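Please go over the structures that come below.
In what follows, chain A forms one complex with chain B and a second complex with chain C.
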Partner chain A sequence: MLASPNSPFERVTELSMARNVHERRTERQLLLILLPSLALLLAFVIYPALYSVYLSFTNEALTGAAALRPRFVGIRNYARLLNDAKFWNALLVTFLFVVGSAVIGQFVLGLISAVALRRRIHFRRLFSSIILLPNAAPEVVAGFMWISMLAGGEQATLSRIVSFFGVTPADWLQVFPLSMIIIVNTWRGIATAMILLTAGLSTIPNEIYEAARMDGATPSQMFRRITLPLMMPTILLYMLISAVSTIAVFGLVYALTRGGPGGATELVSIYIYNQSFTAFQLGYGAAVAVVALLISLVLGIGYVRAMKVEV
Partner chain B sequence: MAVISPSENANKTRSDLLAYATLSLISIFCAVPFFWVLIASLDGNAQLFLRWPEQWTFANYLRVFTKEDGAKWLFNSLFVVGGATVLVMVLAGLGGYALSRTRAWWKLPFLYAILLIRVLPPTALVVPLYKFLLTLNNAEGAILRPIFGEYTRPIMRWTGFIDGYLGLILVLATMQLPLALWIMKTFFDGLPRDYEEAALMDGATLVQRIRRVLIPLALPGLAAAGLFAFMSAWGDFLLPLIFLSSPELQTLPLGLFRAFLRINEIDYGLLAALAFIYLLPAVVAFGFARRFLVQTFAGGVKG
Partner chain C sequence: MKKTVIGGLCAILLSAVSTLAHAETIRIANHGQSGIDAMKSTVEKIEKKYGVTVEVVEYPAPDKDYLTKLLTELGAGNAPDLFSIPTTAAVADMVEAGYLAPVTKEIKAWDGYAKFYDVAKQLAVSPDGETYVMPFMLGIQEIYYRKDVLDKAGISTEQPKSWKELLDRAAEIKKKTGAYGLLFPAGVSWGSGAFDEGFQHLIVGSKTPQLVDADGKLDLNGEGVKDAFDVYKQLIDNDLMPTQPLLGPEPWVVPKYQMFPAGKLAATTCGSWCYIFDWGRESKNPIPDVTKVVGTWTVPGQSGGQYVLANLAAPWAINAKSANVELAKKALMEIGSVETQVSYAARIGNIPSSKDAAQNADFQKLTELVPIHAAAENGTFLKQASGFGTVAEGVARATEALLRKETDAAGAQKILVDYVKETLGDEAVK
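Presenting the complex of A and B:
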């Protein structure tokens, strides 16, 4: 006789088969509850992203003859892009905007705040709450507040502050438009930099600083030799996150300047909007959008690698 | 033994003073614009610049609701953003659980994909999104019109994809989904499987497990995911700008923006009051979300 039905061997296989069946059913159920999220992302993100690539090869428009019968125009939109001074201007403005506000402004002020808030001083919670506040303001409210701050005329808030220091008042958004939107976006994003950098700072063990202090290191030496090198991974991650989110800024600048005066603050995001919904050139707007998508994706791949996804 | 010399003590005091000084300057920079909105909203004769009111009044707030359609805008914003937030919490709760517990091949590709989706600028997506929603909207209209006739438009106001609540809610929710899925996945990763396995042993079905075990355990994670979705959707200006056009669907950001565009009759007191009403829920939500901020960002740092 072969193994009886009750042999230990048989029972084990039965159990593992039951577990297998059970596991497969669980996996099916898990996929099922993920499905609604997947469907929304496919329909409203992935499909539009791919569709914009298709649109960028057509002369699709919202009005006129092309609106009724859009045609495939090959790479004509991209050829037009290369010779479009306004497009290159938008790229340059976006680049300066990202470097000025995310890479320099938010980073420097966020790092100073993070370092200062590590000291055992009073009102720490109050200070950090105030610094977090601009981040909470909706885009349009932030734009509206700064229209007031930066308004022309001697009585306007910024003009009165600087004339106290002997600087001539100006109509700030007209005279220094790009610098002003950089300052406003810096204002809005100090908190993000501060939070990320605070988290990074807290991973540096205090013993290192104590040892350095024993050896007679000055604070600035400690900052350059210990803090900065150990913070490099955090700084890199911050740079990637803030660069992609700054490229995506639209409402804040649109509410402030709508891209003007004369394209001085026309970010790529605003240029896409103006081409598509003011000039109604959907095909051409899509070509600009594809360029923006590609730039963001390249930065995004760096971000994904820096995140080191844990499974 | 640590012996603190007098010079070291003086050094400490000096750098403390430096910290106070820089933090005060940065705080003033951050806070001044808020002073203007708050003070101007209570000023009977508000101007575009910061000034101390001669008479304090709540009349500006009253006028938001009597002279303008403030109540309608507030309702629309609360309804659309609230709907999107609830949708995000449900979908991200379920999806985040699946992402945390599955061992299937698609787990890693999916996680990479949602990180990449987060970096796509919404402005680059709205053109094709607009075309796609327009197609859906026309299809829906073509189906509903023969059935409901003249009632189609009032129905489409709720269920339409362009210039309707449903379309805006779905798109707003989708834009918040990647971060919410990420938060919930990380949250469930930190929950031991023991509870579920115990429930499984007792023969609980998936639905029972979710309702009796997982939802109670997941509440803090859901709160964080919901707050972040709410704040981001509440502050968003681009999507309502593109997908809404009828006055009766207008939300707070559109109301504020368009009221400001009427150059010749700008009423700064009213605008400031409107801005403050729009600002308040965002600040309150931010206050609640504060303790999750560090976790959410720091979790990102550690990976």
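Presenting the complex of A and C:
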């Protein structure tokens, strides 16, 4: 027996069908909107990454016979990597660089800046601008600017400054190369840390601080017991972003030291460049790049678990 | 609708006509402003003679970065039609990679070829017997020393006759003047210079004067290689050459552009270009009366003999995948002209490969280069082979370890051999 045209059952069915059509249309629209980004992601991120993995199993080179007739060599590049002292050196240098500049330098100074600039101090906007300025300079330009500060022995700007205070100048990039690139990268990254941590600080309600003050808490107690714990998700997020992006730093350090002297500042990114575009061994360079990618992935997964965030 | 279609058809027709009317374009890669300036009149000549447009593309210096960019573009298939190759060591590998078009027939048929020095003709022939480059300029390398510094200290300026005499002279310079006695480019930062301007000087006069055997294998385990590294070790350990600047970026700047003009470095290997580019009229820190104040020694052999080392200086080649190979070949012959050679010699200081340059009025004005040009008749060279680019990089790494006092001569040889084997495979090394 057919239901009458306006029966509740038919109305529900009509509504349900209309909703499905509407949902499908919305899904299609969303897909269309996402399509350009997906296409770019596929073309410039996914495909190159997959191609690198493929390359890492070949002996492809930029010149020589292997440029014309590359061969599949299996895991030979990875076996070579395990026995390559320069690769392990690059990993160690990168680890120290990440810990020194991102984890310690940028975070500590960024947090101090974020806390300080929340207060009503004179010239607050000026200080904010000064902290943000390093980000305005492109990496390579910043690198060359710091070369004038640090290279040239007694002629270097830093040497002239320390001489004024009675300290013996040095060839800073030769004598303290790793420390210098850590300082330069810290300088460059404080702004990002400050911005993210300021956002984190602004999520903490003032009432909690007021209550703590009424209970007689000191500023340092409030910082340790309120600010840091409540900011932990932001801090972990910052650590994730800065660690992964610092592993990939290339232009700044290459402009400064080219990975020297003697590999003292040869980050894994510079090592990949040197293998691929100086020694022209694309296959081996790709293998190192794949390993660096895996390390970044493991780091990322570790941080995400620590944040207990569902991705 | 009709108007739109007609308008579209007219636009297509117009663009087709304009394409046909537009002259063919050939792209030439050049390296450094001096090279571009030197090529200006040649480019105009090519454009006029063949009715083409020449697009000169400047590539970044230094040599290492230029070569990287060039090889990347060759690998990607979008390199220029014509380009110079910054180091002879790269030529054999580029031939093997299929990047270069052979020009044997054209060069031999060209009337300028007969006038080239034999050493230029020999250097241009690749291991497969074909010619892929126009050897229009030679880099003649010797040891350049400060006559005035030595004369003032009462040190002999006689030609050293062996490696021992050379090292003893360097030690005497250090003892009597406080200046560094002798520089051989070394280390990774110097790029191919560690091999081109240093190591190979010693190898040609050593117990194993070639690095390639009859089968085309790289002979790197010979005694000559170890002895050559030992010369570096003695210079470094006895503080006879500056080391710190060689570990930083642009390592040639402090020793060659600052120390040598200031007399704090008394001798260094260099090429004829140094009289013009490093210390002469094109220099930012010239030495006054450079030809009187700076003398030359040929590199002595290990136990005697004298060697005038010749390289091809930035030879020109044609992209094998060029859309205009035949046109590029014609342009290549124009680049080989005496006028272009003299123009380069004036701006960069390399030596024309053509004997006819000696009669050129403009070249005769380059008095610092005229005697060196004549010496090219007796030039010697290291036979090139595939893998030489890797050998050059291996030498850079081995000498870097010596600079950092991390190894001895035998250890440096091992670093070289291991690097070449790792990169090219065990079968590449004898």
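Rule of thumb we're sticking to: the second predicted complex is superposed on the first by the 255 of 311 C-alpha atoms of A that agree within 3 Å, B and C clash if a C-alpha of one lies under 4 Å from a C-alpha of the other, contacts with A are read in each partner's own complex, and residues count from 1 in each chain.
Assume a contact is a pair of C-beta atoms (placed from the backbone, for glycine too) under 8 Å apart; a residue touches a chain by one contact, two chains touch by 3 or more.
Just so it is clear, the model here is predicted, and its values are computed rather than measured.
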| item | value |
| --- | --- |
| Partner chain in contact with A:Thr198 - chain B first, chain C second, else both or neither | first |
| Broader residue contact with chain A after superposition on the shared chain, chain B or chain C | B |
| Partner chain(s) touched by A:Tyr51 [first = chain B, second = chain C, both, neither] | first |
| First, second, both or neither for A:Pro261, with chain B first and chain C second | second |
| Which of chain B and chain C A:Ala151 touches, first, second, both or neither | both |
| Contacts of A:Ala287 with chain B and chain C, given as first, second, both or neither | neither |
| Contacts of A:Met239 with chain B and chain C, given as first, second, both or neither | neither |
| Touched partner set for A:Met180, first chain B, second chain C, both or neither | neither |
| Chain B versus chain C as contact partner of A:Ala67, first or second or both or neither | second |
| Chain B versus chain C as contact partner of A:Thr278, first or second or both or neither | second |
| Contact residues of chain A, present in both the chain B and the chain C interface | 147, 151, 277 |
| In the complex with chain C, residue positions of chain A that touch it | 61-65, 67-68, 80, 147, 151, 171, 173-174, 256-258, 260-262, 277-281, 284 |
| For the chain A and chain B complex, residues of the former touching the latter | 26-27, 29-31, 33-34, 36-38, 40-41, 43-49, 51-52, 55, 60, 109, 112-113, 116-117, 119, 121, 127, 129-142, 144-149, 151, 153, 155-157, 160, 187, 190, 192, 195-196, 198-200, 203, 219, 233-234, 237, 241, 244, 247-248, 250-251, 254-255, 268-270, 272-273, 276-277, 282, 285-286, 289-290, 292-293, 296-297, 299-301, 303-304, 307-311 |
| Residue numbers on chain B that touch chain A, as the complex places them | 15-16, 18-20, 22-24, 26-27, 29-34, 36-37, 40, 47-51, 91-92, 94-95, 97-99, 101-104, 106-108, 110-132, 170-171, 173-175, 177-178, 181, 189, 206, 231, 234-238, 241-242, 252-253, 256-257, 260, 268, 271, 275, 278-279, 282-283, 285-286, 290, 293-294, 297-298, 300-301, 303 |
| Interfacial residue positions of chain C with respect to chain A in the complex | 64, 68, 71-72, 75, 90, 93-94, 96-99, 188-189, 244, 247-249, 386-387, 389-390, 393, 400, 403-404, 422-424 |
